[in-house]
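One chain, subunit A, links the two complexes that follow: it is found with subunit B in the first and with subunit C in the second.
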Partner chain A sequence: MEGWTGKILDIDLSSRTIVEKSLDMEMGRLYLGGRGLGARLLWDLVGPQVDPLSPENVLIFATGPLTASGVQTSNRFSVSTKSPLTGTVMDANSGGWWGMQFKRCGYDALIVRGKAEKATLIEITPEGTALKDAANLWGKGVFATTAALGQNNNKRNVLCIGPAGENLSRLAAIMNDRERALARGGPGAVMGSKNLKAIVVEGSQKNRPADRENFKFMLYETGKLIKASPLTSQALPEFGTAVVMNVVNEIGALPTRNFQQSQFENADKISGESLADSILVKNQACWACPISCTRISRTKKGEGEGPEYETAWSFGAMCGVDDLEAIFEANMACNDNGLDTISVGSTIGCAMELAERGLVDTELRFGRADLLVETVHDIALRRGLGAEMADGSYRFAEKYGAPELSMSAKKLEMPAYDPRAMQGQGLLFATSNRGGCHMRGNMLGPEVLALPRLIDRFAYQTKAGIVANHQNTSAVVDSLVLCKFTNLAVSVEFFARLLSAVSGMDFKSDDLMKVGERTWNIERLYNLREGFSKTDDTLPNRLLEEPIAEGPSQGHTVHLAPMLEEYYQFRGWDENGVPTLKKKTELSLDFI
Partner chain B sequence: MIDKRLFEQFQYIGRDIFDAGLTSSHGGNMSVRVGDRIIIKRRGAQFRRLVPEDFVETKLYSKDSGLMRASTELIVHREIYLRTSALAVVHCHPRSSIALSLCRDEIIPIDNEGSYLLRKIPVVSVEYASGSREMAETVAEALKSYKIIMQRGHGCFSIGETLEDAYQWVSALEEVSDIILKHKLLGEPLIEYRKHSESYEKW
Partner chain C sequence: MAQVKLFGNLRNYAVSPQVDIPGADIAAILQSLFESNPGLYDALLEDGKIRPYYRIMINGRDIELADGIHTQVNEIDQIAIFPPIAGGQQ
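So, the complex of A and B:
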C-alpha cells in the first residue's frame, strides 16, 4: 500500500455479514481519511430519523493515508458516529497502537452496523475477520478486558468498552490499548448499544512510501522541527499536557468551580510541574511518536496513564479539588470504566454547584476530593444520582431546573479554557460541530502561547477568520490522522509534502486546507440536516452575561454575536449559518 | 512580573538592536539571570515594540511552564547561565557576521577597536540550528572561553554582566565584520599594524 489500502471492511452485526468494499479513491482524495472520510460516509449512512443508540446508527473506524507509514505520530485513528450526547455529527480520535495495527490489517476504514444478539467481539487477523462471543467479557472493566484479549502493543491491539458503554452512559468512551480513549460525545454508548464489547486487530501489511527518498528527507526535516520546538521537545515530554495549567491560570482563563471563577488558587498543586514532582513515574510515547507526552503515574491505588491537562482540570479546578492523587485515581476509574474524563469531571462540577445552590440533594460539594472516584463508578454503573449524571451535565442540570448551570456547548461539556478570557476560544467552542471542544481548533496558540503569533485575547473583531482557519487546520490533521501536537512544530505545508511522498500523488498546502474546509462544511451540513440551527451556535449564559469577577481577565464576557456574524461571512455561509450553494460548489459538496 | 526598571533596560536594548539592523522584526532574544530564575523575552515578541507582557519568568535550575511562552532559545540561555558566570545573554542575527560565518571557522578582527575588544570570535556549527540540546551545549561551552560567539549561518550569542555589556559585544562584532567585508571589497593587501596580531588566531 502507498497511503491508502483502497479497502473498507463493512460488518453488519444484526445479520453477521462481513463484506470487503473498495474505497472510492475520489472520496479518498477529497476527504483523506479519519474524520473527513468518516463525516462523508456518515452523511450517506445515518440520516436524521436515526436514534444514535439504535441499530441504524453506525460506527466508522478510520485511519488516514499516513497511518502506519512511520511519519511522526502516524499511529492514530478515529471513530465517527452520530452522538448520543449531542445529537450532532461526532468523531473522536485516539493514539497508541491500535490505529497503526488496524491499518496493517489492510483497511482504511471499518464500518460497524446493526446490533448483535448477544455480547460480541470482532477479531481481525491475517487469517481473516471473525465475530466471536464476548459473554465472558461483558461487565468487565477495560483493564481486565484488554489483558484477557492479549494486548501486545506491536502485534495485537485491543479496543473495547467498559461498564459505562455497556450501561449506555452518554459520556462513555471507547478505549484502546488499555488507556487511550476515543472519548468525546459518547461513542462508547453507541458501541454498547450494538452489544459490541471489543475489536481486536493483528496486522501484517506495511504502508510503504511511494517516494522513499523524499519521504526520508521529509521525515528528517519534520523531526528536526519537532526537536527544535521547546514545546514538543521539552515542555510536553517533561510535564505532559498539564504544563499549560499555570500558564492558563496566570492569565485568568482557568475555569474554576463550574466556571464561577477563572483562576484557581491552588492551580500549581495540580500542574504539570507538581505532577512531575510527585506521582509521575515516567513518560511514554505512542507508536512512532518522538514527543512522548503520556504520563505514567502511580499512587497507592495503582499505576496508569494520566492525568492530562484537561483531566487534571476537570476533576481539579472545575471541582475545586487540589489533590493530585485523588484526581489521578478518578482518571484511572474513568479509564477502567471507559468514560470521557472532561465530561465526567465537568458533570460532577455542575452537580456540585447544583448541590451548593440547594437544587440537588447530594453530598457533592466543591473540594470534596474524597467523593470523586465513587461518583465516577456511580456514573459508569448508573447507580443512585450517577444514573442521571451518566447522561451528561446538560440533561442532568435540566432535570433539576437549571440547564444554564451546564457548562456545555451543544450539550458537550467544554474543556479547560474560560472563553471570557479568550474571545476566539469562545467563538470556537460555540461553532464547533461536535459541541464545546478544544480539539476542533484551539485558540490557546495565538491567544496565549504566541503560536504562530500573539494576538490580543480580548479583541473580537477579526477573530473569526483566525478561528475558521484553525478549525480547518484541525480538520486536516484529524483527517490525516496525526497528533495535533505535531502541528505545534510543523505547518500544513509539511503534512502536504509528507502525504505527497507517501502516496505518490501531488498534494499542496492549499489542497489540504480545502480538505479541512470541506470537512468542516459537510459536518455543518450534517448538523443542519439534524435540525440544528444558528441558535445552537452559542455558549452558556454565564459566559455571555456574567463578567469575570476578578483577576487578569476581570470584567470580560464573550462578545459572541459580532464574532458569529463575521464568522458566517468569512465561511461563505448565509446570515443563518447555512453554507451557500456557491460555497458548496466550491467544495464539491453540491450533491447536498 | 518584570520590574519596571528592568523592563526599560530590555526595551532600550531591544530598540537599539533593531535600529542598528542587528536583527529582523521578530528574530532574536535576550534574557537576564535574577537569582535562581531567568527573565527572558517571549517567543515572537518584536525587539522594537517590547511591552512588559513580552517577558516570561522561568526557573534556572529546572524547567517549568515558562517553556510554553519563552523564546525557543530558552534552552540555550539556561545552559549558558548554568555553565558560565553570565548574568545577561543577547542573541540576534547580525547580517555581515552571519555572512562571514558561512565561510570561516573564526572571525578575527582587522580593525583596532575590534581587536582590542574581541580578538577572536569562534564560529560553532550544529546540525539543529535552533533550540536544540546540542546547540545549547555547544554554544554554552564556547562561551566559557569567549564573550561572544557566532553560530554558523544563524546568529550570535553574547554574554555580560548586564544587557548593555552583551549588546556592546554584538555591536562590536558587526562592526568588525563590516570592516572585514569592506576591506575585501577593496581587494588590496592588509598592511599589518598590530604587534603579535598572528596570536589572535590562538586566542
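So, the complex of A and C:
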C-alpha cells in the first residue's frame, strides 16, 4: 500500500452481496480520497430525486492516501451521502481510530447500498468481511454497543448508530470509537434506514510510503512545525476549542438565545478557561496526533469527551444556559444517542424562542438547563415534542408557522458565529454546499484572529476570493484526510510533499488546490442537479434584515447580495451560480 | 479607568482576570498593567513587541485596525487581551 490500496469494498445489504472493486486511479489522482472521492462517487451512485432515507441512497466511508501512514493526524475519514436533513450532497468527517483501522483492512473506501431485511452489522477482519445479525444491539445506546462489540482503540474499532439513527432522526450522527462523530446532516438516519447498526473493523496492513527516506524527513519537519506553533502546541492542548468562546463573545459575534443577541452575559462561565477550572479531567489525542485537543470531562453523571466550542455554545449561549455541567451532560446524551450537538442545541434554542412567542406549548424556555438532557432523549426517541424536533429546526419551526426562526442555511443549523458581525462568515454559511457550516473554510482566522493576517470583519467587498480559497483549502484537507488543525501550522505545500513521499507520485500544492476546487465544484453541480439554485444561497431574514441591537457589532446585518455576486465571479460561475463550461473543463468536470 | 480583561493562560500571570487600569493609550495601559502584574511582561512581549498570535481589542475591535498600541483609550473602554487561540478553523 503506498497511499492508496486501489480497492473499494462494495456491500449491498438488500442482496447481501459483498464485492471488491478496483479504485480508478485517475479518480484517485483527481479527488484523492475522503470528501473528494466521496463526492465523485456519490455523483455516479445517487441520482436526482432519490429519497435520502430510501435504499437507493448510499453511504460512502472513505479514507485518504495519507490515512494510517503515520503522518500527524492521519487517523481521519469521512462519510458521504445525500443528506436527509438538507437534501444536498453531504460529507461528515471524524477522528479517533476507526479510519486508520479501516485503511488497515486494505480498502480506500466502503460503499454501503440497499437495505437489510433486519438489524445487521458489518464486520471486516483479516479473515474477511461478514454480515451479522444485530438484533440484540438494536435499541442500545452507542456506549453499550461499542463496548459489546469489543472496542479496543488500536486493534478493533466500532462505528455505530444509537437510538437517534434507528428512529431516523434527521439530526442523527454516526459515532465511532465511542465518542467521535460523523455528525452533520443526518448520516445516522441514512444508516438507520438501512437497518445497519454497526461496522466493526480489525486490520493488519500498513500504509508504507513509497519514498521512505523522504517520508521520514517530511514527518520530522511536519512535527517540528506543529511543535513550534503556539496554536497547535499551546492553545489547543491547554484549553481545547472552547477557548474560542470569549473572543467571539468579545467582538459581539456569539449567537445568543437563537441569534436574538450577539453577546452572552455569562460567556466566560461556559468558556475553555472555565472548563479547565472545573469539570476538565485531562486532554486526549486521536491516533497519530501530537496536538491533543480533545477534552475529557467529568460530572456526577459520568466521564466522557467534550465539550467542544460548538457544543458549549449550542447548549450554552444558544439556549441561554450558563451551566457547564448541564452542557456536558447534554453532550454525553447526544453522544450516547448518536446526535449532532450543533443541530440539536440549535433546534432546542429555536423551540425556546417559539415557546416564548407563544407559538409552541412546551416548558422549554431560555435558561432551562434542567430540561436539556431530557429533551435530547426525547429527540432521539421521537417522544412528545421531540418527535417533531427530531427533524431539525427548519421543519419544526415551519410546522408552527415560523420557519424564519430556524437559524439554518439550506436547513443545516448554523454554528457558533453571528455572521452579522463577520461578513465573510456570512458568505461562507450561505454558499457552503452542505448548508450552514463553519468547517468549510472558517473565517474566524482572518476576520478575528489575524490568521494569517487580519481583515476587517465588517468589510464586505473583496471577501469573496478569501472565502473561496478557504473553501478550496478545506476541501483539500478533507480529501487527504487530515485534521484541519494541522493546517494551522503546516501549509498545503507541505501536504503536497508528504503526499508525494507516501504515494511516489509527484504532487505540487497547485495540484492539491485544484483537487479542492474540483471537489467544491462537483458538490455544487450535485446540488444544482438536485434542484438547488442561487435562491438557496441565502441566510435567515434575521441576519439579512435585523441589525444587531447592541454591543460591539451593533447596527450590522449581512450584506450578502454584493458578496454573492463577487463570489460567483471569482468562482468562474455564471450570474446564477452555475459553473461555466470553461470552469468545468478546467477542472476535468466537463463530463457533467 | 479602562477595564482590562485577560483570557486564556494570561490569567495565570495576573492577580485577577479583570482589572481597572489607568492610561491614555494602549501602550500606557500595558505599562501600568505590567507594573502591577510583572509576570505578564514576558508572557505578552518578546523583544519589546507583542508576541505573534496575541490579540488586543478595544471595545471588541482589534487595535491593529485602529492605531495599534497608540490607540487612544477612554474612561469606560473595555480592553481584552487574548493569547494564541485556535478552534474550528484552518
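Following the convention adopted for this analysis, the second predicted complex is superposed on the first by the 592 of 592 C-alpha atoms of A that agree within 3 Å, B and C clash if a C-alpha of one lies under 4 Å from a C-alpha of the other, contacts with A are read in each partner's own complex, and residues count from 1 in each chain.
In this text, a residue touches a chain if its C-beta (ideal position, glycine included) is under 8 Å from a C-beta of that chain, and two chains touch if they have at least 3 such contacts.
Everything quoted here is computed from the prediction, not taken from an experiment.
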Q.
After the alignment on subunit A, I want to confirm one thing: do subunit B and subunit C clash, or do they fit together?
A. clash
Q) With the two structures laid over each other on chain A, which partner does A:Asn442 touch: subunit B (first), subunit C (second), both, or neither? A) second
Q.
For A:Thr241, using the defined touch cut-off, is the partner it touches subunit B, subunit C, both, or neither? Pick first, second, both or neither.
A. second
Q: Based on the superposed arrangement, let me know which partner A:Pro290 touches: subunit B (first), subunit C (second), both, or neither?
A: neither
Q: Have a look at where A:Lys484 lands relative to subunit B and subunit C in the superposition and call it first, second, both or neither.
A: second
Q) Where does A:Pro55 make contact in the superposed view: on subunit B (first), on subunit C (second), on both, or on neither? A) neither
Q: Using the touch definition from the top, say if A:Pro452 reaches subunit B (first), subunit C (second), both or neither.
A: first
Q: Quick one: name whichever of subunit B and subunit C touches more residues of subunit A.
A: C
Q. For A:Tyr309, is the partner it touches subunit B (first), subunit C (second), both, or none of the two (neither)?
A. second
Q. Touch check for A:Glu273: first (subunit B), second (subunit C), both, or neither?
A. both
Q) Where does A:Lys224 make contact in the superposed view: on subunit B (first), on subunit C (second), on both, or on neither? A) first
Q) Just which bits of subunit A does subunit B share with subunit C as contact spots? A) 230-231, 234-235, 238-239, 243-244, 246-247, 272-273, 448-451, 454
Q | In the complex, subunit A residues that touch subunit C | A | 230-232, 234-236, 238-244, 246-247, 250-252, 272-273, 308-310, 415-416, 438-439, 441-442, 444-445, 448-451, 454, 456, 470, 473-474, 477, 484-485, 487-488, 551-553
Q) In their shared complex, at which residues does subunit A touch subunit B? A) 224, 227-231, 233-235, 238-239, 243-247, 271-273, 448-454
Q.
With touch defined as at the start, can you tell me which subunit C residues reach subunit A in the complex?
A. 5, 7-9, 11, 17, 52-53, 55, 57, 59-62, 64-65, 80, 82-90
**Q.** Footprint of subunit A on subunit B - complex, ascending
**A.** 42-45, 63-65, 67-70, 72, 74-75, 128-133
